[in-house]
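These notes open a run of structures that come right after.
Shared chain: subunit A. Partners: subunit B in the first complex, subunit C in the second.
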Partner chain A sequence: MRDRLIFTGQLLFTLTVAAFLVVPAILSISAGVTVNYFRGISSGVTLQWVFQVWDLYAGTILLSFVIAFATLAVTLLVGVPAAYALHTHGGRWSRIVEEVITLPIAIPGLAIALALILTYGGFGEFRRSWLFILTGHVIFTMPFMVRSVMAVFSTVDIKTLDEGAASLGASPVRRFLGVIVPNAVPGILAGALMVVTLSLGEFNLTWMLHTPSTKTLPIGLADSYASMRLEVASAYTLIFFVMIIPLLVAMQMFADREQGR
Partner chain B sequence: MNVIGDHGASVRVETCGKTFVDGTRALEPATLDIARGETLVLLGPSGCGKTTMLRIIAGLELPDVGGKVLFDGKDMTSVPIEKRNVGMVFQSYALFPNMTVADNIGYGLKIRGVGKHERASRVAELVALTNITGLENRRITQLSGGQRQRVALARAVAIRPGILLLDEPLTALDAALRDRLRGELNRLLRALGITTIYVTHDQAEAMELGDRVVVMQKGVIAQVGTPREIYFEPNSRFVAEFIGAANIIEAPVENGQLLLPGGRQPIGGDANLTTAVAMIRPETIGIVAAGSAPLSGTIDSVSFIGDRQRMIIGGASSKIIAVDAPNTITAKAGERVGLLIAPDAVRLLPPGN
Partner chain C sequence: MQYGVLTKGTVVFMSHKSFVWLCLLPLAVVTTAFFLLPMARLVVVGAEGPQGLAGYLAILTEPRYRATLINTIVLAAATTVVTLIIATVAGMFLQRHRFPGRAVLIAMLTFPLAFPGVVVGFLIILLAGRQGLIGDLSNRLFGEKIVFAYSIYGLFLGYLYFSIPRVILTIMAAVQKLDVGLEEAARSLGASPWAVQRDVVLPALGPAFVASGAIAFATAMGAFGTAFTLATNIDVLPMLIYTEFTLAANFATSAALSVGLGFIAWAILALARSFSGGTVAAAG
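Here is the complex of A and B:
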């Protein structure tokens, strides 16, 4: 009896918290398919706003995905070897380097963006291309990749595995690809999930770095909130959810399967 | 193809010391020669520098400037481990969790470009040699400690190394398994005939496996010798006490006899000594009737172990004396007994520690 009460209490609490998080999202999404939000759902259900958003902002959605996966590629190619180097050869410097690459999380995105503009603003081509946003996203997401890979390294005693492979004659590159990376997969997947999610939703940095021709999904969202009917902006949110949720679920399932092996 | 055969290299370690970046001195400059096919054991308590020495030979650590490592007379000091053709067994085994047992054993062969068929037959041979038949397709996480140890050994010898390096390979196992695997390892090492360097803190392992044993203490080589030499003729108090049990007696000497509270004990050697530090192994002391030996004492306690009994004798020396007596003697605590010790069983140690 007492256990049941406790269980019910816990369930209610969990549901309340979940509702607190989910209800605004549902309201926003439902607004996106309502003919007139101020008259309520009774005004009818429509997909016209969704189509309108798609016509206007399909480009921003595409660019967001391009940037997210490009960011992932860069953080993988740079972050994983960096984590390996820090772990095996870092010594007492590894702490300091780790702190430095973690700084972008603590520094406001606006400040980083400003620094980037001050530094690279003069390179017109670069400044105008989406690669400029990519740079910002890489700086911002890199610590998540490096840290989650390093966390795995410290649990599987990667240094001894590396020495074991070396004793069997493997060159540093073969060791890295054949032994280190396969054993860091859980960390790499966790890091990848973070990087893609953060990049897709990133607003602060991107807001400062974007140009009219390089808008990402969150920028388009802000744009539509500012300049369009509320229904359009809500339809945009709906599209965002439809895009990102299957992606997150797929990556999570992939990560679970890898870990369960 | 046969993995058994003589393919060892000789090793020379020349004035190799090691100071770490934080300034700690792990190893004082030391020189060692290891013959082709020999099994050398580096023995000592933790922090004595034995693992550092092994890692220098392996190529995992660079010796301080001036140190050199030579294999078959060739200077290998700056050659990285992957080009030294050494097989290594790590304390934690360092098996690759992302590969099966067979893939682990065959990894070094794959790196060397050995074809699939030959690789499979060599892996099969090693699996049989190390008694792990049937486990080839298991994952490392599905193996017991003893099985992991065998896989690690098979993997290390698969590449036909010139030198086999083992860093406390049995330490992670429980005592019964350790004893069994020690015997197995000994037979395997003899059969392979590879030059082997074995690091351990367990003197029983060192005695059984080593052709020669290097006893180390605080980064310094204390003594090098065969197991018999270091057991019967330790050159210091540290070696005497670290290898087996030892009674260390400090006493004045008169006419070639130790003057003890329980009588006089004749010793061999220099007749002009006035004091001595003497070592007497417990099993070299005979228990006889009081009065029939020049030295006598009182039994403090008797612990029956089975194959023998350990008696603690008080009153004979300024400190208690441990005696390993045959299990047939019936003597009780409180009895007065004579201690019969042959003069050549008394080993004189240099004074100090």
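Here is the complex of A and C:
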């Protein structure tokens, strides 16, 4: 009897917390397809707001994808070899390097963005292009790629594989591409999902780094929250959910599968 | 990438050691150029104000900045404590019981993980803003519209929204690793359920509390997006830095405050890590 009561109490509590998280998201989704939110859903269901968002903000959505995939390309090209080097070299210096590249996760984006502006703000051409935002995203997401790949290296016996291939006469580059990278695929995929998801939703850095001609999706969102009617802002948020939730689900499935192994 | 170098007519393959260095080179260049150098510049600019190096003390000595700093710390601490309590109750419950709909419930509690702060701010407006659900309900029930999204309470609610999913995941993982045998032993020795929780379960979860609490605290200290969307007159450090930089064009002050904020966030995480031994990292 007493256990039953405790169980029910905890269940109700957990359900309340879940409602706190889910209800606003449902409100936002329904507002995005309602003719008039003030009068409620009975005023009719429409896609006009979604189309309006597309007309107004398609550019921001496109730019977000460009930046997300460019960030992914850079973190792959730079981060995967670095993870290999840090793992192979090991020791105190590798830990210090890992520590330094992880700092951007701890230091608020606002501070990093200010630092970038104070250092490179004078290079007008660079400052005005989307590459400026790219640098911020690369610095912010790099640790996730490097650590994700390093986590795989610590479970696979990379050293034996590497030495085995070397004894067969393979050059370091061939060993890296033919043996190391294929073994790191699970870590690379997990890191890639993380990098793209974080880049698509990044606001703290991007708000400082953007210019009127380089607006990303979250910048557009903030813009619409400040200046558009609630229905448009909600429809825009709806589009963001549609983009980001599949990535989240994929990430979760990945984590579950890794845990199951 | 070139792997063979021609010297005196013979192909000499690159040694393994130099290949490893070459692998690290791009990261070293990118990190130095776009992180270390800018951060060094930030520290230098912070001391270039009219007060010089003393500018760094302004965060403590200037009454307005100090008030904002205290405000931010109190808000972050409140967020951390409340999130830990909520996440422990819910996380323990979800990990210890199997019932239909459990997986859906877990999914509902963790899906906001990737929402940026701006979106969380907007969701709080939908909940507690001028056209919000809470105001609507309170209007119907008591004839009075409750609106608090744009105050420090709205920001608090937003930070809770932001940190609950992260902390729940950590707590659930920690509960899963608990040794059920210890609890059974305590119970068989006659300990009451409450005593088992207090003396066995909660101490065992200590490292998870420290690790996830530090993330929640550091994230709440530096969160900008939520405060920006709820905007207006909430005095928190990130908003102060932003207004000093963009509206007042006060570069030195905003740089000094940024360095202070970055240092606090980093120190909290580093402390927590040396304490709990695990890997601690904030995100968002």
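Just so we're on the same page, the second predicted complex is superposed on the first by the 222 of 261 C-alpha atoms of A that agree within 3 Å, B and C clash if a C-alpha of one lies under 4 Å from a C-alpha of the other, contacts with A are read in each partner's own complex, and residues count from 1 in each chain.
Assume a residue touches a chain if its C-beta (ideal position, glycine included) is under 8 Å from a C-beta of that chain, and two chains touch if they have at least 3 such contacts.
The structure presented is a predicted model; accordingly, all values stated were derived computationally and were not measured.
J.: Counting only touches as set out at the top, which of subunit B and subunit C does A:56 meet: first, second, both, neither?
T.: Neither: A:56 stays clear of subunit B and subunit C.
J.: For A:157, is the partner it touches subunit B (first), subunit C (second), both, or none of the two (neither)?
T.: After superposing on A, A:157 lies in contact with subunit B but is clear of subunit C.
J.: First (subunit B), second (subunit C), both or neither: which does A:183 touch?
T.: First partner only, subunit B.
J.: Which holds for A:91: it touches subunit B only (first), subunit C only (second), both, or neither?
T.: First partner only.
J.: Which holds for A:18: it touches subunit B only (first), subunit C only (second), both, or neither?
T.: second
J.: If you tally the residues of subunit A touched by each partner, is the higher count for subunit B or for subunit C?
T.: C
J.: Which partner does A:166 contact after superposing on A: first (subunit B), second (subunit C), both, neither?
T.: In the superposition, A:166 contacts both subunit B and subunit C.
J.: Tell me the contact category for A:35 with respect to subunit B and subunit C: first, second, both or neither.
T.: Neither partner.
J.: In the superposed arrangement, what residues of subunit A touch both subunit B and subunit C?
T.: The overlap between the subunit B and subunit C interfaces on subunit A comprises residues 166, 171.
J.: Sort out for me which residues of subunit B touch subunit A in the complex.
T.: 21, 58, 60, 80-83, 85-88, 90, 92-98, 107-108, 111-112, 155-156, 159, 165
J.: Taking the complex as given, what residues does subunit A use to touch subunit C?
T.: 7, 10-11, 13-15, 17-18, 20-25, 27-28, 31, 37-38, 74, 77-79, 81-82, 84-86, 88-89, 97, 100-112, 114-116, 118-120, 135-136, 138-139, 142-143, 146, 166, 171-173, 176, 197-198, 201-204, 207-208, 218, 221-222, 225-226, 230, 233-234, 237, 240, 244-245, 247-248, 252
J.: Once bound in the complex, which stretches of subunit A touch subunit B?
T.: So the residues of subunit A in touch with subunit B come to 91, 156-157, 160-161, 163-171, 174, 178-179, 182-183, 185.
J.: Within the complex, which stretch of subunit C touches subunit A?
T.: So the residues of subunit C in touch with subunit A come to 1, 3-4, 13-16, 19-24, 26-28, 30-31, 34-39, 41-42, 45, 86, 89-90, 92-94, 97, 99, 105, 107-119, 121-127, 131, 133, 160-161, 164-165, 218, 221-225, 228-229, 231, 238, 241-242, 245, 251, 254-255, 258-259, 261-262, 265-266, 269-270, 281-283.
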